[in-house]
Amino acid sequence: MLGFLIGEALRDLHRAGRVAVAAILLTTLSLAALGGFWLVSTNVGQAAEQWRDRVRITVFLKQEPSAAETDELVDRVQAMPGVAAVRYVSKSEALGTLKEVLGKDASVAEQLPTNPLPASLEVMLNEAGATPEGARGLITRLSELPETDEVSGGMDWVDRLARGRRLLDVIGLGIGAVLAVAAILTVTTATTLVLHLRRQELEIMRLVGAPELVVRLPLLLQGMLQGLLGAVMAIWLLIAVYALAGPHLEPLVNQTLGLERLTFLKPHTVVGLMLAGTMLGGFGGWLARGRTAP
Amino acid sequence: MIELHRVWKVFSVGPVKVPALSDISFRVAKGECVTLHGASGAGKTTLLRLLYREELPTEGDIEVLGCDVPALRVREVAALRRSIGVVFQDAKLLPGRTVYENVAFVLRVLGTPRREITPRVFDALRRVGLSARAQAYPAQLSQGEAQRAALARAIARKPLLLLADEPTGSLDESMAGEVIDIIKDIWARGTTVLFATHQARLAAALHQRTLHLLSGRLVKDEG
Amino acid sequence: MIELHRVWKVFSVGPVKVPALSDISFRVAKGECVTLHGASGAGKTTLLRLLYREELPTEGDIEVLGCDVPALRVREVAALRRSIGVVFQDAKLLPGRTVYENVAFVLRVLGTPRREITPRVFDALRRVGLSARAQAYPAQLSQGEAQRAALARAIARKPLLLLADEPTGSLDESMAGEVIDIIKDIWARGTTVLFATHQARLAAALHQRTLHLLSGRLVKDEG
Amino acid sequence: MLGFLIGEALRDLHRAGRVAVAAILLTTLSLAALGGFWLVSTNVGQAAEQWRDRVRITVFLKQEPSAAETDELVDRVQAMPGVAAVRYVSKSEALGTLKEVLGKDASVAEQLPTNPLPASLEVMLNEAGATPEGARGLITRLSELPETDEVSGGMDWVDRLARGRRLLDVIGLGIGAVLAVAAILTVTTATTLVLHLRRQELEIMRLVGAPELVVRLPLLLQGMLQGLLGAVMAIWLLIAVYALAGPHLEPLVNQTLGLERLTFLKPHTVVGLMLAGTMLGGFGGWLARGRTAP
């Protein structure tokens, strides 16, 4: 019996011919877009994490502390909430960094009679500290340290990060919803078409008293098959695009987002996409059936 | 087997009421062969459709094979229909399948074991004289051949009750006589038959009980 | 009007050859009313389909209304068909439109001026006795009513040639007689008529020339 | 007659019901994606132009020239191919800039006994100069000037720019092609469906000898109507998304692409999109007819 039902499902697909091909291609495109969007958001998410790692709050100290004082100060700051890591930068290290930064103009620094740069603490933020509130609280606390001369940096980056994330979430939800709707629309349209092709068969089935399962299952199977095919092709499409465009994209992504490497979809995401396609297709098939039920 | 009690069927087409059946009551016992005779528009098809619950009566009680037909639920309707073979007036063959596949399709759908299908299909086709055209598609059949294919489909299921709606409408007289013989044969094997026709001669030819419909009323029950 | 010369039509169903028409030759003059009689599967429908070029002959010459039918190009086929009214054996009514709309649709498609449509449709429906059912959909018609609607659609166009393929197949005898009267009436108004039937009595009822088909051969041309 | 044909087209759409709605929505999504992509690429194109304006080649001079020498040198460089503008930066101006850049650390510069920074020319590139070959040629020519001590910058930016542009072109063509295919597939699927619903009508038309125009036109009109509706809705969608997301996007775009303002589609692009939708729909309708022709 199951063989018969699967046979009927395949027959449907075959009969729908070019239309079935069109429908599968459309499903492919919808799912590929969905997967592609997932890919982009995974990578952007990683970029955001990297950005967070790069955000630093610099605490300029009133005077260079002794080694013991330094350790104690670092421990104290390390214990503050929102702090991922603390690094002490001595006056001479600061000058070295300045020379590096100046590059060709390093001679400027060499002509200096004394080192005018202050010692400082570089504070890196953890997840809690990288929120606007977390960062604000931390900056206040750092400013209140007796050793602090001035606290600089961090806040605007944290704000940007928060704004960017919120934006990405909204765009992500929006695009994701639109694409899911597109995929469902596609599958339902295609299944409705198959249904029209099968109308007479369904009527005969109804009239001779075929069990509900026999009526419904081929449509469901056909929808699922279509969704699965679409998903598999979508994944191939993504792999192909990734393989072709990835190497060219990396430098650009590197420059704009600061990501070193692009990541492809994880295996479980790929499986998820295939499952999603299959279920979407089945859903479309089931829906279409509901529409012409007696 | 079949029992109708004061059955009315009134269709509404816009504001117009079309009384297709008025106050019909009759009873058909198991093993009977009954002819339903009436002119075009008399209500024959409507009456048959009530029996396999393709329509609900406006009023009245219908019992078929022990079921209270109007009260059946969806699942039960399917079960009832599985015991009834219907030859539709418009054949209703599937255009995308050959004659063989049309008959086999219904058997498969109803879960007939695989190895029984081919012999049963060919047996049915042989009885209606269509063995040679088993591989033809409906569009390749003359209308008379299509009606015989529909008959084959109905009898291949070996139903308890056979409802045949003008299975001879497009057949010339000699072929109509053959179809009558097939129906007699099926009846002889124990199937209860209700056979609708507008041809008085055919009704007479069966030498069985005949119900006469006139504009939706049962005017005579003879034989 | 119509002239066939040694026309053959052989269908291939897979490896099987079905000779539907064998060596048919006849001529119908303008203004004639000819009955085509033959059993189910004799080839009546196939013959009519050749005339409006729904099929091409395997061999032979066909001339209709002065056109060499097998040689026509697509555009010319449409022009030929506009002069021919066909009553299809299976009615071919559009299920999504009422009886009125079914008749009006064809008139509109053929470019009949708007204000002429309603009177012509109602005139045709009146002649087949369906005025009261103008607003019904095909599914709401009995099969006999559907056949009469198809006849109304064919005659509303006032064709030069009317091809009627068993327009009485699902009609009881009195109603079939009425349809014969309608056809006679149309013929009296100057339309050439070719009328296919499997009922010998109807063929006789017209008291006109009858062509007898037997398994695809023209066996008798009488009257 | 035309009224009849348009009536038939509308009837078709109405009859197709939910499927027509689904098809129009899918067309909307395809066209909106196409338009959205157009929007993005317009803006990225503008960003690329801005980037070009920011690319500078710095020519460090061996010694500070006199005012007359300076004018003559600037004129000479200005005449070189690929040069959009030249600006002379004196030693003191360079030190001023350095102080600005150092900000908090400006004290470093103030403590200098002499100004160690060289005078330089800032060369901005025009379109020809912003290609890898143009830039290379210009750099060679600048290095060969007798006044030049060293030429720096420019090349890697120009390379990035060229690579980024090529990539955008490829991605653009790819996405554009995919979306156009999606739109055509959608419209053809929908029209095929309508065709199945109309099959009997088309058969009757054929059998009674309806003129070819009467047979084809409703399908064509119906496809065009569908495409037009889809396009109009796509434009509304774009406007809505732009109005909602634009203000949030601007800061982000500003940070990553360096664009100050987002531009919306130009009126003639909007008209183009509508025309494209209509023609696409008509094409789908015409195609679908072709498939079932006798």
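Think of it as A, B, C and D in the order they're written, each chain with its own count starting at 1.
Definition applied: contacts are C-beta pairs under 8 Å (C-beta built on N, C-alpha and C of every residue); 3 or more make two chains touch, one makes a residue touch a chain.
Only a predicted model underlies this, so the values are computations on that prediction, with no experimental measurement involved.
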Steps needed, at fewest, to go from chain A to chain C via touching chains: 2
Between chain B and chain D, centroid-to-centroid distance (C-alpha), Å: 68
Where chain C and chain D are represented by their mean Cα positions, the distance between them in whole Å: 63
Mean-CA-position distance for chain D and chain A (Å): 24
Chain B-chain C separation of Cα centroids, rounded to whole Å: 29
Chain contact topology (line, ring, star, complete or other): ring
Touching chain combinations (by label order): A-B, A-D, B-C, C-D
Footprint of chain C on chain B - complex, ascending: 11, 13-14, 16, 18, 38-41, 45, 89-90, 132-133, 135-136, 140, 142-145, 166, 169-175, 198-200
Chain B - residues contacting chain A, complex: 52, 54, 74-75, 77-84, 86, 88, 92, 94-96, 105-106, 108-111, 157
List of chain D residues in touch with chain A within their complex: 18-19, 22-23, 25-26, 29, 33, 60, 98, 104-105, 107-109, 111-114, 116-117, 152, 160, 163-164, 166-167, 170-171, 174, 178, 181-182, 185-186, 188-190, 192-193, 196-197, 241, 245, 248-249, 251-252, 255-257, 291
Complex contact set, residues of chain D against chain C: 1, 4, 15, 200-201, 203-205, 207-212, 214, 294
